[in-house]
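The structures come next, written out as structure tokens.
Heads up, the next two complexes both have subunit A, just with different partners, subunit B and then subunit C.
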Partner chain A sequence: MDAIQIQKLRPDAGAIGRTSVSFPSTGTSITSQFIKQKLDDLAAPTPSFSGIRIAERGLDEELYDALAAFKIRTAAVSMHLDRNWRARLFGQLDSLLALSDWEVEDAPPTIDSYSTFLRMLTLLRPQRRPGLGAASHGSLIATWTVGDDRLTIECLPKDIVRWQLSATIDGERERAAAETPLPRLAAVLRPYDPGRWFQNAQHVPAG
Partner chain B sequence: MPSTYLPAEDHVVRYVPWARLRKDEDDNVIGVLGAAFRLRDDEDYLSATWAEYFAGSHADRVAAAVRAVRASKLKVTPRSGFATGNVNGIKEACLADKGRHKIRIVHERADDNEAHTALRGWPRDNEDLLNLLADGVWSSYVLNKDIEL
Partner chain C sequence: MPYDRAPITEAVVEFRFAATFPQTTVEAAGRRLRDEYFYLDQENIVQFKLEPATQKAEPSGSWLGVKLSSLDRADSVFFRHDTFICSRLAPYTGWDDFFARTVRAWEVWRKSAGHTVLSRIGVRYVNRIDVPVANAALVRLEDYLNVFPKSPEDLGAPLSAYAMQVIRPLDVDDCVLALNTATVAPPLIGFVSLALDLDVFREANLPQRDDDLWDIVTRIRGHKNRIFESCITDRARALFN
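On to the complex of A and B.
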């Protein structure tokens, strides 16, 4: 997919079949009102169908709206992202927010979290895209993994990131974690040789 | 009824939604995120399923636990997964943390899952520990699609 494409249409399932039923005037007879009620009942989905569709439609719309907002926001910084890189990122977002795999109780990632994520990408400029995940309360999670070396960054609103890493450095296993303002992220990761995660070439440990 | 604490050598299996699986940039699943073990605001304990409640080899038991979760009220999605952790390993990792969390892993049969297990005393706001579990003692996983009906 290239540029901004939102792939889904949103048919209003609840409205199908109902538009032909108009409200009668206040002067209509009891018989007319009875007929109108019967028509309404015919047009309405069955209770079980209605229950499922309303719940799914609500979540579907939330996910759709989130996805659309993310892609529009990405367009605003498109000059910082390679065209192919961006297209693949959109594919990952489509996959992450797919209705068929979304946890019903989860809130979709917020635009505030996504804005932090985008800004992080423009600051770190990684060659390798992150893997994407999401916490239940609406934070986007970016991960880079090379063998046992793992970097996990949860994007919180207002340019705050919660990061955690585990890596082997000079033969010793190290773990680190902190909550950091985004502008300082590159500096706090630097001692851990973040190129191991961000560069496309296979990382070869020193020594 | 007295509480049944799970034996140290046994295992618990936790459902992991697609969004909490660790993936590479091409969406290949390569692990579990620490966020998979985070309590929701309205949860008092972490839910899992006791593998050794079922008979068979370790793989048979994990598969049976997966089927038990599928048969429960929980909606199991196609690309989700299940993380398996050793009872003693989880308890020791929590106790070794700076918060010294003393976890109780208790068999609490549910109407829709007889092997349902509650991990009580589960820490809130300890992302480092949850990531440690996801990278270590609770990192083993199977994908839902790989377990037959």
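On to the complex of A and C.
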């Protein structure tokens, strides 16, 4: 039997969707160099997934590059998203990263933060899309608000989320906040009935 | 076979040229197609040269070509000195759309560059099979793929990752298959992801006329589909519907 052992790792954003190659100890023979070249080729992204701007960038270029990177990263999971849902998400990203609305001193959200955001969406599969915002240090913030009940999740690199909520439960007002590894997010939100934020919307569910 | 959730992460038609074209020709092709795509980006290769005296890395760049992309960045056309590429990222919308866009972009290239002698024609589909693992400790490759690496049982614990390439002449239409399969870092939490990357290409007896070109591209796509279905199991198919 040839089987893959399940790895419980939190991959870097840059590694997601890329071939997992382990480069062997360095050799100097022609054969070892040939194998290294083959592994380089296997691990290299296609032109659609490659390309970063090296030179110093202005804010407009940073926002442009961030928007492109986010859309291309979304393509990696697009087969798992409803198409209308995805199109509306892209509309939100277009608005969020518009130069005219951006605070000059703020850093655009990073691809590491967006990667966590995307993995959160495909894990929780909320019917309602969140409102999107950005923290000044480059994190993407997702917000769900229903009446007075509010859930805010800041997406940090490598599948870590920092969340806070306020909700009325059995007539009492409750507030909670924590930093949680993404795989446990659904479990830690469960006592607060997160369906109040994620369901009952007119939006089309993720596929 | 069309699937509800096709595992295609990227579809590519690539033509490599027998000779390079000047930058002016490549840029002209980009301008001609500009109105049909939302973005037009320049492509550059950047290399770093380390200066031992200063310990500083000095970047130097060379122009590669232009990339045109749709608003959602899923559709792209690359015009380069030596290559034409038409690409579609997920979600895949079907061969008819993709083929029509490829034909249109090639027409634009031909108007700018004229007759173009090719050295290689390739149709490449990069698939990724996302296998939910729930509480499983292992995923058996043979449950999903009919092509995978075999290794002796007594080596130790099961694989944690693999990458494998198979090059195989197809004995039809002068085509060759380059098959890459590998584990990839899964984009979804709670899944194992297996890449199945099929590139069917032809380097001999290349067509000179566009009619013949599209005929062979269509035939190559058919070979690719047949190979894909041969390489996956019913259990994998069930994941796509």
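Here is the rule we go by: the second predicted complex is superposed on the first by the 143 of 207 C-alpha atoms of A that agree within 3 Å, B and C clash if a C-alpha of one lies under 4 Å from a C-alpha of the other, contacts with A are read in each partner's own complex, and residues count from 1 in each chain.
Here is the rule we go by: contacts are C-beta pairs under 8 Å (C-beta built on N, C-alpha and C of every residue); 3 or more make two chains touch, one makes a residue touch a chain.
All values reported here derive from a predicted model rather than from experimental measurement.
Once the two complexes are overlaid on the shared chain, A:104 sits against subunit B while remaining clear of subunit C. After superposition on the shared chain, subunit A has more residues touched by C, the comparison being subunit B against subunit C.
By the touch criterion stated above, A:87 is placed in contact with subunit C alone, subunit B being left untouched. In the superposition on chain A, A:182 makes contact with subunit C only, while subunit B stays out of contact range.
In the superposed model, A:141 makes contact with subunit B only, not with subunit C. Contacts of A:171 after superposition on the shared chain: neither subunit B nor subunit C is touched.
Contacts of subunit A with subunit B, set against its contacts with subunit C after fitting on chain A, share not one residue.
Within the complex, the subunit A residues that touch subunit B are 88, 92, 95-96, 98, 100-106, 128-137, 141, 143, 145, 150, 152, 154, 162, 164, 166, 175, 177.
On the subunit A side of its complex with subunit C, the touching residues are 1-7, 9, 11, 15-22, 38-39, 42-43, 46-49, 51, 54-55, 68, 71-72, 75-81, 83, 86-87, 90, 118-119, 122-123, 159, 182-183, 207. Across the complex, subunit B meets subunit A through its residues 17-25, 27, 30-31, 33-35, 38, 40-41, 75, 77-80, 127-128, 131-132, 135.
Across the complex, subunit A is touched by residues 5-10, 12, 39, 41, 43, 46, 59, 61, 67, 69, 71-74, 76, 78, 85, 87, 89-92, 126, 128, 130, 133, 136-142, 148-151, 153, 157-163, 165, 180, 182-190, 192-195 of subunit C.
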